Amino acid sequence: MHLRRGYALDNSIVILVVEDDPMIQSIVLEALEEGGFEAVIASSGEEAVDLLTDGDRFRGLVTDVNLGRDRMPGWEVGRRVREIDPAFPVVYMTGDSAAEWAARGVPNSILLTKPFAPSQVVAAVTQLLNTPNAGASPNT
Amino acid sequence: MHLRRGYALDNSIVILVVEDDPMIQSIVLEALEEGGFEAVIASSGEEAVDLLTDGDRFRGLVTDVNLGRDRMPGWEVGRRVREIDPAFPVVYMTGDSAAEWAARGVPNSILLTKPFAPSQVVAAVTQLLNTPNAGASPNT
Amino acid sequence: MHLRRGYALDNSIVILVVEDDPMIQSIVLEALEEGGFEAVIASSGEEAVDLLTDGDRFRGLVTDVNLGRDRMPGWEVGRRVREIDPAFPVVYMTGDSAAEWAARGVPNSILLTKPFAPSQVVAAVTQLLNTPNAGASPNT
Amino acid sequence: MHLRRGYALDNSIVILVVEDDPMIQSIVLEALEEGGFEAVIASSGEEAVDLLTDGDRFRGLVTDVNLGRDRMPGWEVGRRVREIDPAFPVVYMTGDSAAEWAARGVPNSILLTKPFAPSQVVAAVTQLLNTPNAGASPNT
Amino acid sequence: MHLRRGYALDNSIVILVVEDDPMIQSIVLEALEEGGFEAVIASSGEEAVDLLTDGDRFRGLVTDVNLGRDRMPGWEVGRRVREIDPAFPVVYMTGDSAAEWAARGVPNSILLTKPFAPSQVVAAVTQLLNTPNAGASPNT
Amino acid sequence: MHLRRGYALDNSIVILVVEDDPMIQSIVLEALEEGGFEAVIASSGEEAVDLLTDGDRFRGLVTDVNLGRDRMPGWEVGRRVREIDPAFPVVYMTGDSAAEWAARGVPNSILLTKPFAPSQVVAAVTQLLNTPNAGASPNT
């Protein structure tokens, strides 16, 4: 769509993308930017948690699940950001860990199985942003 | 996406956008047109109600909530169009009136809080158009 | 089910029922109590708003729509309680005003058209109580 | 719950149950009546279609899928009632035909796999009755 | 969006489009490709069923309902693919057969009524792909 | 409702309830049995995991979150059962840990905040049992 990102420099909607594969990084980045988002890349879960802990710059998380042997997996990044903000939109990407989502994903998250079309990333992020308090705890 | 609008001149899907801020007008217009919709602007709620009352030209409403002191708010525009057509798709945009949605919005509407990414507008409109009778009254 | 109401005297879940017809009052009361709720009756919208404004005794609202000529309708009671608590569960009952719900009901409310089976009331209330922040405003 | 059926003799909510096994007939009947519904039994799909075609006495259908060799299956009963009323609530019960539901069930229906608890039948029927126009065609 | 299709030649997400009108063929094709999908056209239901039966090349189906007098309708194509894969995403397009969807569509499918905006096709396909096992039979 | 449990001794639907407070044990047990379920109590998370690992006797889990200092919390029981069966229905009960659900609950689970009415437990369990593959991983 090649939309302008947000409608003012200081009003952009910033999505944090956690991915260590440069090709998928660029695909997801391009898709989000065409959808009018600003995307920031973190190449490890540890870096992502640092960025998410530091202020409220981000409005959503798109994270690979498998971020390398002995490294923090995407499941843990999703859990950490939900401890900071229970309503935070979380999208996971995975090649072969889909079966783990039902046990390790957070409530009201979306799992994209690779390969996926770029518009699936934009649809997942917009769906979570447009839904009232998707991740908020109930009855409270 | 720069898609053709509808697939014939007389087949376009026309969305009414009610917004008095020229910058947001142009952002929303551009986003909808890139998504293949035709968008028509009304700059006041009163003008919007006139347009909506006059025939069945429109398939959806995207309205700012705060349309100026002493002017008809977007909440009222949403209510009026639902009196005409109970299933009409309604999307609200607001900067600081989000807390009012639960009391003044219509059922099965979507609220976008500013700032938002342009693709969120397209996603909101398509979600309501693709859902069976989202606003229709139940049990009837 | 004839379940104990809540599991301690001071732990009951209290639902406010607004209805001026004694027969429907007793049907709804009985259904809610069999479902383990405590039900309190208000026979007018004005009385209901007084009760709802005064503290946080109630966890849900079941209101008739038509509460008498020149009296506050159920639509207004629903709106008032959502101004106090945006996530408050709201269920409407109506004989012939179903068409108005799409314009006058609050978001994420449920409309029961008379006649209905008693278990439909319990199902409507439990569905709203069990859903995360059903009435909360999105994006906030 | 042993609720009164509807709240007047002429106001009961009647559900058509299509089942040829007497034991399951009585289980489903008892569950629906305890939930405040009136239940009418048809022991074949052909009889069910006759009853459904003749007037608007029924508000929902609960049908076994396998109704005997060379007899009309529950899938066909569901399709027939949706031709009469596109929003009609449809619940299927099956022992071993669950895999067929995705191909032969109607949209917005519910499938109960035997064995099921009696309250699952009541929950399925009330969920469909309480949802706006669950079976209605979209975009119209 | 003019996104790259998938992120490698052998990783594209292929959608089967069944449509006999060349103009709508090209609109839908263009919309899907702009959304990053690969689209393959079949001009009859019979051809579509042959393609779907032969391997697991496709990830979704977008089918016209009315494919010509005495020809297999889109309803039948949807049913056939769900017999092969109960979770397969199915989107129907129709001009005047919307009323039939509630009786002849498969569960968890989406119906687009012509005319529609191109982004509605992409939104329908991504929604079904992003939803867990939308068409799978329950309780199993 | 005092419904018969299942419709044969060997056909009952068994729900595992994990709770260390005898009063809440008896409330939940009674509610599930009135709804036609069979309920089995485990008083610790460790005991629950042993029972769930040993065969496929159970169809759903209702677990307290806080099961004692230094003991396995309900969050961990939910995660373990989803590793065994990704579609297993999971309901949590909590007094003061609701805020943790968005980070530690499993996808498509339901959280009940104490105090709750007994019918809320039955509604939560039946909703998850009646929904197609609620906990299954998507795209697979």
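In order of appearance the chains are A, B, C, D, E and F, and numbering begins at 1 in each one.
Methods note: a residue touches a chain if its C-beta (ideal position, glycine included) is under 8 Å from a C-beta of that chain, and two chains touch if they have at least 3 such contacts.
Treat the numbers as computed from the prediction; the structure is a model and nothing was measured.
K.L.:
Going only between touching chains, how few steps reach chain F from chain C?
P.N.:
So the least number of steps between the two chains is 1.
K.L.:
Starting at chain A, how many touching-chain steps does it take at least to reach chain D?
P.N.:
2
K.L.:
Which chain has its C-alpha centroid at the greatest distance from the C-alpha centroid of chain F?
P.N.:
Greatest centre separation from chain F goes to chain B.
K.L.:
Could you label the chain A-chain F interface same or different, taking same to mean over half of its residue numbers are used by both chains?
P.N.:
Copies use mostly the same positions to touch.
K.L.:
Quick one: which of A-F, C-F or B-C reuses the D-F interface, over half of the residue-numbered contact pairs in common?
P.N.:
Among A-F, C-F or B-C, the interface that shares over half of its contact pairs with D-F is C-F.
K.L.:
Which chain has its C-alpha centroid farthest away from the centroid of chain D?
P.N.:
A
K.L.:
Round to the nearest whole Å and give the separation of the Cα centres of chain A and chain C.
P.N.:
38
K.L.:
Counting in whole Å, what is the centre-to-centre distance of chain C and chain E, each centre being its mean C-alpha position?
P.N.:
That pair's centroid distance is 42 Å.
K.L.:
Roughly how far is chain A from chain B, going centre to centre by Cα mean, in whole Å?
P.N.:
Each chain's C-alpha centroid was found; their separation is 28 Å.
K.L.:
Hunt down the residues of chain F that sit against at least two other chains at once, touch-wise.
P.N.:
1-2, 35, 108, 110-112, 116, 122-123, 127, 129-130, 132, 136-140
K.L.:
For the complex, give me every residue of chain F touching chain C.
P.N.:
Result: residues 1-2, 23-24, 27, 30-31, 34-35, 110-112, 114-120, 122-124, 127 of chain F touch chain C.
K.L.:
Okay, in this complex, where on chain D does chain E touch?
P.N.:
Listed in rising order, the residues of chain D that touch chain E are 79-80, 82-83, 86-87, 98-113, 116, 135-140.
K.L.:
So in the complex, the part of chain A that touches chain B is made up of which residues?
P.N.:
1-8, 11-13, 35-37, 122-123, 126-127, 129-130, 132
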